[in-house]
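Chain nomenclature is as follows: A, B, C and D, assigned in order of appearance, with residue numbering initiated at 1 for each chain independently.
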Amino acid sequence: MAINIIVNGAHGRMGQETVAAIKADPELHLVGALNHGDSLSDNIKALKPDVVIDFTVPDSVFQNSKTIIECSARPVIGTTGLTLAQIEELQHMCQSKKLGGIIAPNFSLGAVLMMRMAQLAAPYFPNAEIIEYHHPAKKDAPSGTSIKTAQLMGYPDLPIHSVRLPGYVASQTVIFGGDEETLTIHHNSTHRKAFMPGVRMACKKVMTLDGLVYGLEKLI
Amino acid sequence: MAINIIVNGAHGRMGQETVAAIKADPELHLVGALNHGDSLSDNIKALKPDVVIDFTVPDSVFQNSKTIIECSARPVIGTTGLTLAQIEELQHMCQSKKLGGIIAPNFSLGAVLMMRMAQLAAPYFPNAEIIEYHHPAKKDAPSGTSIKTAQLMGYPDLPIHSVRLPGYVASQTVIFGGDEETLTIHHNSTHRKAFMPGVRMACKKVMTLDGLVYGLEKLI
Amino acid sequence: MAINIIVNGAHGRMGQETVAAIKADPELHLVGALNHGDSLSDNIKALKPDVVIDFTVPDSVFQNSKTIIECSARPVIGTTGLTLAQIEELQHMCQSKKLGGIIAPNFSLGAVLMMRMAQLAAPYFPNAEIIEYHHPAKKDAPSGTSIKTAQLMGYPDLPIHSVRLPGYVASQTVIFGGDEETLTIHHNSTHRKAFMPGVRMACKKVMTLDGLVYGLEKLI
Amino acid sequence: MAINIIVNGAHGRMGQETVAAIKADPELHLVGALNHGDSLSDNIKALKPDVVIDFTVPDSVFQNSKTIIECSARPVIGTTGLTLAQIEELQHMCQSKKLGGIIAPNFSLGAVLMMRMAQLAAPYFPNAEIIEYHHPAKKDAPSGTSIKTAQLMGYPDLPIHSVRLPGYVASQTVIFGGDEETLTIHHNSTHRKAFMPGVRMACKKVMTLDGLVYGLEKLI
């Protein structure tokens, strides 16, 4: 039996990809595609989805998440902008309803696996460096993914180098150097389609959870 | 208090590196360095090591391992050539004495971590390929490490490609390809010194085991 | 003074990119965008372009090229399918009119530079291998670019390995192995936009030629 | 007929490799191996070499080079430390005697080819970056090779990033980024043996020169 899903923010770039990805997956069933102006709570009450995916905007994501939980649907939140305090509040709400939920700033399985791999190797290699490669239009440096990777690795003062060149979309290399050996993890993504396997996995895994999980890497 | 160690096969290339590595580690203490012609059992009885490391030859490794266990020392076996049946017999011997032991065909932490990483990613990426790079003098292709990696990944018919070119010592790349993303793990080693951190780790971890473990990746 | 250009095959995927690229370049001026059904000779006579770019189909490319030259415009041909005999005939036609022309099966400057680099290094490194990476939908293996690279390198029996995995668009690595060193050239392209700098360069360089050149690498 | 060669500085690390490399090459013939204390001019007069290779120390390289030229042997100088003014003076000396000579701060053919390749691609890719990887014991950053590469490429303000990690000997990557494509050149060397093909080539090419050449890349 397929999992019933509402996509909130269905007209956005991530929303459009998500709608297409759900339609293409026989285990998932799209029951609603909402946009700015549609009432989230009314639609959840009417369509009774198992899961609501939110790809909207930072300003509305906290209120959307609360609405989803209050209506007893499982939130799968890809919108960024939630504070740690807000995440904790949402976790309490899910816990008291024994409701599964997932908040993931990065749905790329490849990126999440890279982080887990880096975390795995870190205790065995005291020397490492991250190099991340993005197009010159990217506003922040170092990238959010590289900062999160470094945090997970737990090194004080891990060097992160940012390459900004045309021809790259989003790439990251984590290099570990040891006696006479190097171990390198490299992730390259070229399009937001790369996030869809992670979104689909989240919709399936959220059905088996009884609380709100923050970070796709927790499910791997 | 340092761990007391005998190195068996101390004149060989791996043995010499091991002797140097143990001397350089304050947590390890070399009590004996044996070679062809020395009695292993007499020396264990006289020197009472906590651990005996064996880097000898395929023909003698099974008898050496039995002797080490019978004398109640913990075996750390780097010599290749043990059959699965022999490994099982040694495991039974260790189990009945509640004695720790480690058999590891590959002591490179980098290589072992690469295998674990490949195993971690395999369920999420149905498409992958291994390319391994070695010097042209290498006799076997594909390499033992690439075959073992493929087994751990559990893919039927995973392509393995072997590059044989001067300029390489031992390198391996595992590539996972997904929708609009690739995830690549690369290990490069240039000298047998690369095995020493793994040998030293094994000497320390074997003290906490109460059975015989096959494969360094089990300890990571 | 800008160079006046007709694009023949303007509705195709390459044609559309070409039209956009010409419009964005102040040194180039689009005077016509022709499609299936438009008369090439009538338009050349009416619009008097300096250059006609052809991105049509293998069946019509030879006739188109002859028409362009007969009408005294300079051909820049990206369509594949010309035989060596046909290319020679077109070269004779250009020569007798002292007219510049370019036929290029690959307009990627990066790919063409990779080939030139490989050709440069080949005499100094007797051992090499090419690995090319493409999406699984690619029908031919090895790729045309890898075969052409190998020809330029002039090695008998150069190994070419083809990786077919999702996540790749078009990549190629040329590895040279020597004593204790490796030299590697890697080209990665992610979209047909990558061909546009080469198309624009060809339109400019063709104005300075007095004969027909086959292969963009001749102009680098 | 083999080329007769004296190695000056034969006991040093580069000198020892050079002596071995010359002995292994049937086109080259070692007639003398000199060390600190031996008279260079007396030996050249007595042994009449075609070529004198100098791998000594910065303090003596200028005087050695002058002596070699005065004695009408061809200098192949690998010792660093010559100033541009000194190189010019040596060039005048060679010119007036119509004597071939080579001064090369880097005899790695791979590194020299990497520089030539980077120079070749630079006019076509306005955006680039160099990343060089060395062991943490290396004192200077960025490396001399990366600085020389950047000079040859002729970019103002080309970013050079230095990675210092165990496990690397000497590696460098030059990345060119364009619209939807990247072109990367990577050189990796693991031992000073990597310089020997360049030393042997210099001994042969110097016989055909009638002046002093600075930089092995000029001969490629």
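What to note about this one:
The rule we apply is simple: a residue touches a chain if its C-beta (ideal position, glycine included) is under 8 Å from a C-beta of that chain, and two chains touch if they have at least 3 such contacts.
Just so it is clear, the model here is predicted, and its values are computed rather than measured.
Looking across A-D, B-D or C-D, the pair that copies the A-B interface, with over half of its contact pairs the same by residue number, is C-D.
When the C-beta contacts at A-C and at B-C are tallied, the pair with the greater total is B-C. Averaging C-alpha coordinates per chain places the centre of subunit A 41 Å away from that of subunit C. A separation of 51 Å divides the Cα centre of subunit B from that of subunit C. Counting partner chains per residue, subunit A has residues 167, 176, 178-182, 188, 190 touching two or more of them. Those residues of subunit D that touch subunit A in the complex are listed here as 127-129, 131, 136, 159, 161, 163, 165-168, 175-182. Note for the complex: subunit C touches subunit D at residues 108-110, 113-114, 116-117, 120-121, 124-125, 176, 178-194, 196-197, 201, 220. Considering their complex, residues 167, 169, 188, 190 of subunit A touch subunit C.
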